[in-house]
Every structure is written in structure tokens, then in C-alpha cells.
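The two complexes that follow have chain A in common; it is paired with chain B in the first and with chain C in the second.
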Partner chain A sequence: MKTKIKFIASGILLVTIMAVLGCTTQNNGSGALSSNVAERAYVAPGEHDEFYAFVSGGFSGQLSVYGLPSGRLFRVIPVFSVDAEKAYGFNEETKPMLETTFGFIPWDDSHHPDISQTNGEIDGRWVFINANNTPRIARISLETFETEEIIEIPNSAGNHSSSFVTENTEYVVAGTRFSVPVPQQDISIDEYKSNFKGAISFIGIDQESGRMNLDFQILMPGFNYDLAHPGRGKSHGWMFFSTYNTEEANTLLEVNASQNDKDFIAAINWKKAEEYIQQGRFREMETAYAHNVYDESTHMATSTIKRTVKVLDPAELPGLVYFLPTPKSPHGCDVDPTGEYIIGSGKLSAALTAHSFTKMLDAIENERFDGEAYGVPILNYDDVVAGVVEQAGLGPLHTEFDTEGNGYTTFFISSEVVKWKVGTWEVVDRKPTYYSVGHLMIPGGNSRKPFGKYLLAMNKITKDRYLPTGPELTQSAQLYDISGEKMELILDFPTVGEPHYAAGAPADLIAPRSKKFYELDDNNHPYSIKNESEARVERDGNVVHIYMSTIRSHFAPDNIEGIKVGDRVYFHVTNLEQDFDVPHGISMIGANTSELLIMPGQTETFVWEPKKVGVWPFYCTDFCSALHQEMQGYVRVSPRNSDIELSWSLDGE
Partner chain B sequence: MKLTNSTTTLLTLLFSVFLITCNGEANKQTASASDKEVTSAEENPDGIGPVKELILPPTIDEELAQRGGEIFLNKCSACHKTDKRFIGPNPTGILERRTPAWVMNMILNPEEMVQKDPVARQLLIEYNGAPMANQNLTEEEARAVLEYFRTL
Partner chain C sequence: MNTKKIQILSVVFFLALCSCTRAEKENTSELTLPDNTPKGQASVVDNESDKNILQVAIGSSDHSTLVAAVQAAEIEHVLVNAGPLTVFAPVNQAFADLPEGTVSNLLKPENKQQLANILTLHAAPGSYNKEALIKSAERGRKLYMATGDYLEIRVTGEDVYVGGAKVIATVPTSNGIINVVDRVILPPGS
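And then the complex of A and B:
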């Protein structure tokens, strides 16, 4: 027995020594274990991520904010869909954000976020994102991480080749996927050819406020405009759009829009467009579109309808647009960091096409055209092509770049990411995705200065990657480390909705400017109160306004009497806190709306139409302090004909 | 196989050695994080925060006090009443109980004060855990509020 113990003891000792050595090695972060894949995506508790990723919500209509490399979800910013959690589209302040010329719309399909740029580099001021279904562009502040502005796009349908910014955020572009009659009219669908137009919109951005203005539209032939990217560096001043359905089919596009061997990349010279606008060579067209602006000082949005748009006709304006033949229904239309190469991803082909900007200019100068389409000159494929990445994979969709002269392209059909060399067009690496990857994102990958450390692939099919949750599965994203010669898959994480594009930025570009709370002194909401002595209730006929405040942990007032059935009661609630991360919530039993979630220094409003006589409680919905459960109040509701006087109090005063 | 007592002891011992070796770094961190040694009020009557010492001039600056009253109304009065105990204590006569610097630090640095200052900590318990909100006053604004307290 003794020997046995000795044996066990030395065994344990050995194991312990090994464990100690092992953990020491790990602490130092060197040695064999440091190349561990999990470690590279691991951000320790309390540590911060290196990058922000703004990932489109697809059919959720929102924009998700993740950290990279951890894949942790920080926030879902409501943009085009209502969000009961944040009262977006429910409170009186944000309802106007979702107004359109079709009325209030509670949902959309958000696709392509793009971060504002200065000198071709992302600058972290704003993110823009498009609504695909009812065409709109939104601007989100990266100080508050709130949607500040939404502009509707007239003459457009399926707002897909959007919302891409130019090198100094001069414009955000929005192109139509579905061509439509412009202006809309009651004609037969068979009259598609030559009667349908594709509107490309240039939305000017005020550099101080970020405010958007629909500066002009170019009425293009009735193709489908799929994606776009800006020229940069030498090609600054140009915008490139991929097209498909140059067949102009209006039924069974699956077959009928896949007939042509080549479709086009449209090269639009927007500096030229500006000249034509200055010369007055535009048509002022009557139309209607909503412009919704959230004002941070009043904490309220307003919606106005605008009535005209300047329209340019490329057939009449030489030098404005050229078509670059590109195989085969190109989806992605991506420009490398130097601005020389425009990459067309023919989604029904196996190859990528790289056009040369220099060759394009040369062909234009020498007027080497191969006919025209609706008055727009078509260049010769052989005159503009710089190279082809042959047999790279099946179904190329989208390309981004690193700093080392490599392109990275997603292939939907063959389910992989392929790394290739810009200039020599040779494939240098490929890695599978799980499964059917759509788009990818490298932070800064659509700019002059990419941060080529991580690549985020956003997949369309999830299948067996996670525990099943019934027939509906979350979409899946995958993170690759691209800092080495070979790409390495380091993380899978689920996403919100179905992401299309994403945009990423280094955390230190954004985090230091992130707002902590709203200054109470700057709150110009017409129903705000600055302290509890201003708390009150006012009646105007059957409309009642409650001027209420919150602070840890009580409402003022918290006892209200004299409300009657049939009243329309507005709760205007100001959060008097002036510290980071102290929101308060409020909800009222039976109110036909969401809670409010009020940030420090902010005022929000919900409407309650009491239907039943009685004494009804309201309470704070966001855990605010140890006394949160005590944060509550009562409203007495009397019959319609009651003569009980309006009164309110807190602690009997 | 039956483990004898001595084996178990040995195992425990070795395992402890392992834990200690491995967590050396973490232990240090824990020690610094839990560095909440409560200094006695007599030792440090000015509390903890940006204000180390404050000697008030003999006369009250009426203009400053008036400004402080306005700030108090907007930023503080939701929890502090000058005629009664409310969510938090009544500030009337506070300078008979605390030093001017303590009052300033309580306004400017409440999170650390309720953790480390014995008086502030006692007050947090006495007031049912209602936290003293940091209303992010500037030092000048806090000084004005203090001047207002002198007029109460």
C-alpha cells in the first residue's frame, strides 16, 4: 500500500508541475500555445475589442454593433424597423422617423452600411445604411449610436446599389435595383422596355451637421442597378455601379435576365454631373419624398415632404456615363485602395473581372466605343480590362482589400473566401465558409486605408453550425485572421437578421467620441422639465399633459388623480440623471404602446388612453438602483362625467 | 483503489501549490481591487476625491450662493430637500457636521466616497441604499452649491 501511495504521489506531483509550467507559459503569451486559434478571438472579461463592426440587419431592418475579434454583440441600433425595447417608432419623438409618402412604415430591409470618409479614409463620424424595400437612406451618428436622419428616395424601387459614400463624404449614392416608370404611371408591365428607368440618386452631405439633401438624380436605362463603390485617389470623382438585367426582362428574370454574355458596370462621372447642374442643364421634376430629421437638442424628430428633384438625362449629357462590359450579371463592384482597379464579380461566372481606370480614361479620350445603349457610350471590354482572376471559384459576389495588395472575394456557390493578388491576378489562398457566404468585410476595406487584420464573412446558410432552434435558424458570421500568408478561421458567431454588407473601424476612432449622457441644460424638448418643482399635470379639454421626471428611484409626480376615461394622456418623461449608464424606463398598465427607455438628460413621450375606471400603476422598467422595485406610481381614472379635480403629488406635496 | 488520508492531504497540498503558483498575478489584482480600507473619519475628515483641502472665506459670497441655489434646484433637489429628510439627507447645517472639502468630494466623487469614506458609507446604509447620483457637476459648480449650503 505504501508503494502505491508513493506512486500516486509522484504521479500527482508530475501532473502538478506540468500544469504549473503550462499555465506559466500561457501567462507569458509565448510558446506553442500562443498560436492557439481560440486565443486570437478571445477578449478577456473587462477588456475591449480592437474593432467595431457595424453589421446590417437585413430583413430585421436594423444595424447591429459587434466587437471584433470577440464577436460580442454590443447594441442593435433601430433604423428602419420599430423597436419596442427602445421605444423607437413607438414614442411620440421617433414616430416621424418612419414616415414616408406611403405613410408610417414599421419595417424595412436594411442592406449596406458604409462609414463616412475624409481623404478616402474612414473617419468614424456617421454610418449610412439603405432601406431596400421602400427606398430610403438613413444616417446614424457614431457619437450617440442613434438614427438621426432618414431620407426617402423618389423614382426608385428596391434601393439596392446604396448607400455608398464618396471619398470625402461629398455624396451618399442610392441606386435603384428595380427600374420603374418615372414618373410612376398606369401602364402595362409589357411596356417595360424604354418606358422604365433606373434612377441613381446623389445625396449631398453637409460636412458639419451630416444633413442629407437629394442634390440630383441621373435617369439611367431600365436595367437593375445592383451594387456600387466610389472611385478613390486617381478615380475620385467617379462612381461605379454594377448592373444586371440589361436584357430588360420583366418576367422570369431567373432565366430571362441571364441571357447576355456580359452586362455592364456603369461609370458615372459625378464631377461632370456637378458641372451640368451648375450650367442649369437639368430638369426640375415634381415628385414627393419624406425627409425625417431627429434633433438632438429637442430629442424629437420631424418629418417633412419635399416636392422637387433635379434630374439629369445621360443621353443628352456627354461624358456623364459610360458602360464597361462585364461578365455575367455582376454583383459586387469594388474599387481597390489605389483607385486603379474596379472589380466586377460576375455572380453567374467563375471568374472576376478587373477593369483599369487608366485604360478606361484612355479609351474615353480616344473615343473607342462599341456602340451605345440609350445614348450611353459602351466601351470595348478588351480596351478596359486589366486582368481576370480565372477559375477562382463559383459565384463571386463581393471583394474587399488589405494593405498588402491582396483582394479577398466571397464565392457564394462554392462557399469560400478566396485571396488573390491585385495586379498578377493569381489565387494565393482559399478557405471554406459555413455555408454559402454572401458578403465580407475587412475594417476599412472600402477605403484607401484598410486594416487588414480580420475578415468577417457573412453567411446565408447556417444548417448545422449551432444548436438547432426549430425550423428558423440565426444567420452565421465567421471571422478569419488574415494577418498571415494563409487565412485562418478563428470564430463563428450568430447575427441579427440576415446581414448583407458590414462596415468596420478601429475602436479608437469611435470609442473616445461616444456620448455618455445628454446635458440637461441643452434639453430643448418643449415638454421637458429641468427639476422636480416644474413637475405638473395640465388639462386641455380631454387632452392631458403630464410633465414628469425620473431620478433614482422615483417619479415626480407619482400620484395623479382627476384623469377620466376617454382622456388622451401624454406622459412626457424627463430623466434628470446626469451620469453615464443611468437610463430609466416607464410603462403604464394597458397602454397600447411600448415602454419608454429614457437616457440621462433626455425627454420622451408616450400616449395612454385609459379605458377602464380604477387606480392604475406605472413603474420603472430599467433596473436603476437598489430601490428600483420601489420606483412606481398610481393614476386614478374616474368615469367620463366625473368632477374630480386634477391633482398630482410626490410624497404628499 | 482506496485513497488514504495521507494521499488526500498530499493531493490537497499539491493542488494548493498549483493554485497559488497559477494565480499569483490574479491574487495581486484582487488585492488591489479590494483595497477598500475604510479610513476613519478622524483620520481623513475631507473624504476622498479631487478636493484635498478647502478653507472657506469668513463671509458668504451672495452671488455665488445664488448661482449654487439654481444648480441645486436643477441637479440635486429631486433627492435633497432643505427643510426635511428626503431620498437623501437635508443639507441644511451640513458644515456643522462635515468639512467643506468632504461636501465637495461627496458631490464630485460619490461612487468612491460611498465605497471608501466611512461616513458616506454609513449614510448609504442609513438611506436604504439609495445611491448618491453623480450629476457630473464641475468643481466650480460644486463650489457654488457649497456656498448655497452656507446660506441655509
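And then the complex of A and C:
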């Protein structure tokens, strides 16, 4: 009994000392504020966040826009999946955005957003993102926060090592995860080896318009190309890709692609590729891919099929590609802000490998090769490795950097973020994530100039972290303050879909250029009207075009008669407002599509095929004004053989 | 070591915790939370959109008394709301025509509510330009005002009167209509 009391007493004493110590610590230094994590993530009502975070939606196919440090969700930008809320893929204007050579595809898996750069620093013009499943790259305007362009990638499958931009946004690269027959053909899967190729695409970017053009492809050996990052500074002009399945297995990869002790990081000299293109040492290959462009002036997208691509064969073009042996199925392939170190995260390894760009160039110059693979020289591991972060954790995936010479790496299996020093390769801190972290993001962390204040870790699994919602649980993002020596978890927030990867930028790089509305005078939509007096209804056989306008708080026209069962009725609706944040919506009873959500100055169109005789209402679906509930109208639908004349009116006129 | 000692230690522990909490509180109280009251839609900075009712009124030198009254009544936010709203805006002379002392009396803080009521009687939900007012008059509609009153619309020749005030001009704005009028509309029956 006495021992027990002693034990309790010393327990209390200990807790007291700790409490007092804790208290003291809090009151010293920078005061209570610095230790209050809630306050550091708190952005008061009406205040703005310091950073934008563009977080991919993974299997949602979209791109979410959050504020940091608050974790508040501002917008979900529809990219590769239809979005009924915004009529994306439902209205006539955006349907072409989702056209491919496989036809209209309403969904994809969006993975790696990357913000455009100038001189190696993020510039906030555009964000690019890849579709994994049906290979495509999208470009999103950071003025309108709309998807402006989608280009399909031919000869590719599982477009995963994408969409990473070079230092001046010369190119966005898209690398295939799955090697496939190039061109596609009807052959046995067993003929994988030597018949399957891995296409790496370089998409040129017009610096004015941002328009994408598939400039060339490099047909690589049939490995899996997993991730990529551009060289920067001294290594500008190179692009690095991690590979796995150098075994070239085509079945049970979880075993068969883990046989080799080392796979490769492929170093591609794209400046050399440009030389070869200029010298005409490419093959013009017939293929087909869709190129979809949304025109802000017509508020409409068009889809065109392109037919050729220039391909380069690295076996025939010396100096184009080198392989850097890297342990154990490297996943992440990250380049530090100086451009000297290329970090390979062998996902089945416990260590990280840092290759030296300088050593790589030296080995190439002295032709110290350790054989070749399909004509591509393999460098000696010992000749290129600069250091190894030993025993850092289990299952390393991705690395980003701060400005102080630290790297931060995620470990999926051990669910943690590990901070280590670039150059000495020593681990300086580690913090758990909840749970099974994939990518991490430091704003600007993949550029010459990271903003090393916050780190966002994106988790695949949350288990008990939130209130349960049945079998399907939200995935999450976790925010760490990395301004001090030790990382501190300050916020944990749920995400849309799978928060696969993210790109971040200071708010002041983007917010001042954000568009407020579209100029009505610049609206060149073929069915737009510029004022109510132009509102009308026109019939052409069984096709009816309604030229409609909206302004607080009515439609013009709002009474329409003479529509018949079997007609195909186009509602072309122009929002005449020229005022920030005043969209109008519209939907029609029985329309087999989504609402429209029309921004000021914009025209959108939906199709309605009336099936039933009667008088049917439509209404404004966006709570626009005090008289929003009054914003409605009627369409009279008569039988097919009716001779009711087409007429339309507003308030009897 | 006996139970008493444990009690004493517990008290020490409790006190330590208390002092800790107090220290935190003191620090927290130094935090200044942003005061949101002056922030409303009227303070939104937007030089690109079409001008709203308040912005147009502020830009009109003929309406400085009205603007001053709106500010005194603290109803600016109403005039920048999504609306749509039709405002009958008396010119400065209209206020000057009121019995002497009326305006200065209404501008006193203690008469804020009364001033707000009078100004609200100059606002109708909806968009009514001069043509819409004529149409309403032709159809025998009265104009429903934001106070709940119904005002008569009278058309004489080309002139339109609402609540006895003559419409001198119509100005479209982003969130509704301003009809400039020549006199202050007084509550029905007053």
C-alpha cells in the first residue's frame, strides 16, 4: 500500500513539474502564440489565407482549390470528370472538352498538378494536371480557374509520370506508366519484351496563350515510367524520370517487377532532343489524339483530332538518354532547388538515393558506362550517387524541399514525414502522419524558390481520424508548420476524392489576377444576345433555338408557346449581368442534363427534348437575388401535330 | 508519505495548472480579433463591375444629402446588396425643400431609425425603370415599397410620379435602378 501511495505521489509530483515546465516553456520565447497550433492554422472570418493549394482529386478527376493554412475549400475545378453543379460536360459548350479518340469520357483519375514557371520559379499563370486512365494533360487558367485545354496523349497508357513543367514552362512532360505496343496492334501479351514501348511526351507551351502542342515523343524501352521532375539551374535542359519494372514483366508485377536490385532513373536531355528534331532525325508517326480547346471569347470548346507525332528513338540518337541505377523500384524522382541532386525514393527500400548531376555529367563525359539497355547507356551507380539517407523510414515515396537546404520525404509504410539535410544526408526530424501518406507539398517546393513555411501531407487512409461515414471514409491532408527546426502538425482536414498531389503558391501571386466576370461586349458566342430586346425563339424544322437572357430577377422571354413533343430545344442563355459574383442558373423540368450555371457576361446552352404535352416551368437554380424565387418561366408543349404558332413574351410583350 | 501529503501535492499541482491557464488567458487576451462590424458588402473593393446603386449615388453631386442620410442611417449595405432594388433618389434640392430643421433633425443619432424608415420608403424590390413604371400604372399596379407600403404611380403626359415625387431621370445600375426624383416621398397619410 505504501509503495502504491509513493508511486501516486511521485506521479503527481512529476506531472506537476511537467505542467510547470510546460507552462514555463509556453511563456518564454515567442509566447503562448507559438505553441498554440490552433491559432497558427486559424484564419479569422473575413481574412484571407496566405497560400493557395491546388490539390488533385485523384479518382474524382478534378482539382480542388484550398486556402492554407486554414484548409478551407474554395472551389472544385472540374477537369476530367463531368460536374453537374457547374454543367461541365453537360452543357453544349463544354462537352467537347471530354472528347477523346475513344469518344466522350465522363471521368478520369487526376494526379499531379504543377504550376507554370518562369526562370525556375512558379509564376501563377496556369496549372497543369494529368489524367491517368485515358492519357491526357489539362491546362487550367489561374485567372478564370477554368479548364481551358485538354490534349490527349497517344502511344501512352496510364499517364502517370506527368504533368511536370520545365523551368520556363517550355514543356509539360507526360510519361507513360504502362508500356504498350507502339503503334497499338493485335499481338500476344507474352510478346511484351521488345515489342512494348514507353512513350515520353514533350508538350510545347505557347508562352502567350498557354496553348499546348505535342512537339515530340521519345520511345523508351518497355519499362514503367513512374514520376518525373525537371532539372533546374545547372541541370536545366534535362528531365528525370523514375522507372520500375525494368524486369519487363507483364503479369503479377507485385512479385515479378520486384526482382531487380536496382531500376533506373532515366535522365533525358531535352535540349539534345530539340537539336535532333531540328536536324530532322525524327520519324513522323501516324497516330490519333484529341486536342480540346475552350475559347474564352466564344465561351465554347472545340475538339479536333490530330494525326501525326514526331518520335525519337534513343537507341539511334546518342546523348539523348542515360540510365542512372537506383535501388528498388524508385517512385518519387525529385530535384532539389539547386538542380544538383536528383532524389530517387526506392519504394521497396528503406533508404533514399541522391544522385549528383555534376557527377552524372562527368561520368557521361568520360564514357564510364556499365553496359546499355536497348541502346541506352547505363551509368555506374557509384559514379553518380552523391549520398544516401540511410534508414530514414519504410516505403519512401516523395520529397520536397525548403529554402534552408532540407529535404522532406514521405514514407507510406511507416506513415511519416522525415526531414533530412541535403548534402550531409542526416535525418533531423520525423513526424507521424495519419495515415499512409503519399505525396507531400511545400508551396513552390518543386522550383528553385520554395516557400518553406508549410508542408501539406496527403494521406490515403484516415480510419479513426474523423466521425465515421459508413465504409467509405474521407481521405485527408495534414498541414505541418516547418518554419522551425522541428515540424509541427497544426491542421488535419478532409479532402475531395484522393488528394493525390498538390501544387501551392503564395496568394498574392494569383489573387490579384483573378477574373471578376466576363465582358459582355467581348462575348462572341454565336447564340449570345447583348440585351433583352434581342431575346427570341427560332424554329428550324424540329430544332428550336431559344435566345434567352437573365438579369436580376427574370428571364427574357419567360413565356414560350408553340413547342411540340419531339422538338429538340436549345436554351442558349446569356447572363447580362456585369457584376462580380452574380451568376444565374437555369433548369427545365424533365431535361435529361444538368442545370446551367452562367457567369456574368457568359452564354451557356442546354438541350431539352420535351416528351410530354403540358405547360412546364423552368427556374433560376442559383440563389441570385432577393427575387430569386420569382425568377421562373413557362413553356407550353403541344402535341407533335399541333399548329400552335411559336410565340414568346416577357410581361405580356 | 501519507494521504495528507498527497493532498498537498495535489493542491500544488492544481495551483500550477491554474497559474498556467491564467498565463495563457492573459496572452490570449492580447490577441486582437478582427472587428467585423464595419466590414460588409459596401466595403468590397471592386473597380471592374458595373457600378451599384450606392456607388452611382456617391458619384452624383446632386445626391450628397441622400448619401449623407444613407450613411447616417447606416443602410449602405442594403444599397449594394444583390437586389434587385429600385431606389427613388431625391436630389439635394428636394431635401432642402423640406421644412427648416427637418434634415438636421433626422441626421441626429437618436433619430436613426426614423431616418432609416423614410429612406426605406424610397426603395422598391425589383427593377422598375420609367417604362416599367408607366406599364405598371397602365395595368393599375401599385408599387410595393421595402417598408411594406404601396405607393401610387401616376402618369401625366410624359411625366411619371411615384408617391407624389416626379421621376426626373432613370439610371440603370448593376443591382437595380435609380429613379432620380424631385421631392422626398413622405409616408402615406403623413
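Observations
What we mean here is this: the second predicted complex is superposed on the first by the 620 of 653 C-alpha atoms of A that agree within 3 Å, B and C clash if a C-alpha of one lies under 4 Å from a C-alpha of the other, contacts with A are read in each partner's own complex, and residues count from 1 in each chain.
Rule of thumb we're sticking to: contacts are C-beta pairs under 8 Å (C-beta built on N, C-alpha and C of every residue); 3 or more make two chains touch, one makes a residue touch a chain.
This structure is a prediction, so every number in the text was calculated from the model and none was measured.
Of the two partner chains, neither chain B nor chain C is touched by A:Leu467.
Legend: residue contacts after superposition of the two complexes on their common chain; A:Arg552 is shown touching both chain B and chain C. Residue contacts after overlaying the shared chain place A:Glu47 against chain C, while chain B stays out of touching range. With both structures placed on the common chain, the touch criterion links A:Ala38 to neither chain B nor chain C. Within the superposed three-chain model, A:Leu576 lies in touch with chain B and out of touch with chain C [touch as defined at top]. Within the superposed three-chain model, A:Glu532 lies in touch with chain B and out of touch with chain C [touch as defined at top]. After overlaying the two complexes on the shared chain, residue contacts for A:Leu252 are found with neither chain B nor chain C. Once the two complexes are laid over each other on the shared chain, residue contacts for A:Ala626 go to chain B and to chain C alike. Counting contacts by the rule stated earlier, residues 5, 8-9, 12-13, 16, 19-20, 23, 27, 517, 551-553, 577-579, 582, 625-627, 651 of chain A appear in both its interface with chain B and its interface with chain C.
Of all residues in chain B, only 1, 3-4, 6-7, 10-11, 14-15, 17-18, 21-22, 25, 73-75, 77-79, 86-87, 128-131, 133-136 touch chain A in the complex they form.
Considering their complex, residues 2, 5-6, 8-9, 12-13, 15-16, 19-20, 22-23, 26-27, 31-33, 39, 44-47, 516-517, 551-553, 577-580, 582, 600, 624-627, 651 of chain A touch chain C. Those residues of chain C whose C-beta lies close enough to touch chain A in the complex are 1-3, 5-6, 9-10, 12-13, 16-17, 19-20, 23-24, 27-28, 31, 33-34, 36, 39, 44, 46, 48-50, 52, 81-85, 125-127, 135, 174-176.
Residues 1, 4-5, 8-9, 12-13, 16, 19-20, 23-24, 27, 517, 520-521, 530-533, 549, 551-554, 556, 576-579, 582, 625-627, 651 of chain A are the ones touching chain B in the complex.
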